[in-house]
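Same chain, two partners: chain A is paired with chain B first, then with chain C.
And then the complex of A and B:
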């Protein structure tokens, strides 16, 4: 079974549609859209509504509806130097 | 005999206006022992806010010295500090005492890896003001095992995040990390064949986001010592859009910091 989602780039507002298998993980979504948008190397997370998704979670665990929107957010690392 | 008062005496109390916030436990604030890890941008702002709020027992850990490019966002550093050879922690502690002479602020000029759970158990809460994943993971794991609340902040340009970790009830930092974080960590360590070098990229940083993120960290610290509910669990701030969102996170059953879950 395939579910189609829309992923929004929080930094640019751009979106891309992705077709996901139930076995795909959140990490694979991050890597897929990061490569598509040629993102700078860095840490990213995915949100679904008010929830942050964990990297190892599979699509089948996420209760994702068809055409639902996810968002790719940079996870800031700095603050000391 | 009724208690007597005199005109203007409330204005002699440094904390009078804070005491007017009914839920703030000022005795808890003044009693709390706080560790601030990192005396750079977030650390400067956090210590400044802790002092003005009335925290009295603060230790500041950092082993770096000041460079001139720190001065665009570090309120407690001064022109010339970069030539003094003094450590950031020592300078922050000294200037914090200027802000609030009743406070006991101690500098610890060591690496974060020098702190284990035993050292952390002496604190009521820890503020993470760091700049890399490896140091965060160390602080996160050890504070979780010590049972000490940990409030982590991070910035990158106009973006920031704050996460509040309340062991053993909430997810920890590692629960929210994924392969992209570990790839970042791997890139920081480059092997020369003889030694491992820690590479620090120059990240975008400015004062407005720094001050907002540090202020949220200190406000969560005030809630913790006042026994108020804290944010659940992560705040993401986007300064360009002018938005912030509190996002919930689940405990990762596979996270090594949650063996009993």
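And then the complex of A and C:
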């Protein structure tokens, strides 16, 4: 079984449509969209509404509905040095 | 089992829109002296809503005594006007932080609170940049900041807003071909808001 979702890049407003299998992990979703948008996957997290999706969670655990939108959020670091 | 499959993508469609009216904009009162020359002619590339500006400034000021940096996202929209791209920052979002006097990032336990504020945004935002503070060190982009800017906020419209609540300075930066440039930004307010640094409003005497 596959589920189709939309992932929105919060930095740009761009979106991608993805097809996910139940066994796919959040980490794989981040890697997929990061490769598409040429980003460092380690510097991003994904949210589903107010929920942070954890890297090793599988799609089947996420209660994702078809055509639901997830959002890719950067995890920036600032500093004086 | 195969990995996630990307079926297709779509970029943001940037609308043509006039920027906030000139009579409802002002340069920030904390601009450092070295930033002032660019404020004489060039068009602004970022408009920062008064309330968002207050949130940034107050966030930075709230950690002055502890000497800690603060950070958050600039939530806004991207527009073009007469061939010039600009952003309007309508709000900011932040959460609990892991900070020292020389570094800052989101507390991993704070993401859900951050997402709650993003969910409360009443518009389809784009993270048009980020803000952070350099308490007592002035406004500039450090190597860590530049790395963040290059990795995450690399579109021409992305802005790094830096505030020093000790020196009372605020300045904006962007990247152009990998080089850090200062960005002209203006604070704007809605028609019926008094600018926080405006003159007092006195009723006009009517001559009979």
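In the analysis below, the second predicted complex is superposed on the first by the 76 of 81 C-alpha atoms of A that agree within 3 Å, B and C clash if a C-alpha of one lies under 4 Å from a C-alpha of the other, contacts with A are read in each partner's own complex, and residues count from 1 in each chain.
Keep in mind that, in the parts below, a contact is a pair of C-beta atoms (placed from the backbone, for glycine too) under 8 Å apart; a residue touches a chain by one contact, two chains touch by 3 or more.
Quick caveat: nothing in here was measured; it's all calculated off a predicted structure.
In the superposed pair of complexes, A:56 makes contact with chain B only, with no contact to chain C. Once the two complexes are overlaid on the shared chain, A:21 sits against chain C while remaining clear of chain B.
Contacts of A:45 after superposition: both chain B and chain C are touched. Which of chain B and chain C touches more residues of chain A is settled by the count: it is C. Contact with both chain B and chain C is seen for A:76 once the two complexes are overlaid on the shared chain. On chain A, the surface touched by chain B in one complex and the surface touched by chain C in the other have residues 10, 31, 43, 45, 47, 50-52, 73-81 in common. Across the complex, chain B meets chain A through its residues 38-43, 62, 64, 70, 129-133, 153-156, 159-161, 175-181, 183-184, 187, 200, 203-205, 210, 213, 233-234, 236, 238, 245-250, 252, 254.
On chain C, the positions that touch chain A within their shared complex are 1-12, 69, 71, 78, 101-106, 111-112, 114-116, 118-119, 124-127, 130, 132, 134, 137, 142-145, 147-148, 151-153, 155, 158.
Partner chain B is touched in their complex by these residues of chain A: 10, 26-27, 30-31, 34, 41-45, 47, 50-52, 54-56, 73-81. By the touch criterion stated above, chain A contacts chain C in their complex at residues 4, 10-21, 23-24, 28-29, 31-33, 36, 39-40, 43, 45, 47, 49-52, 71, 73-81.
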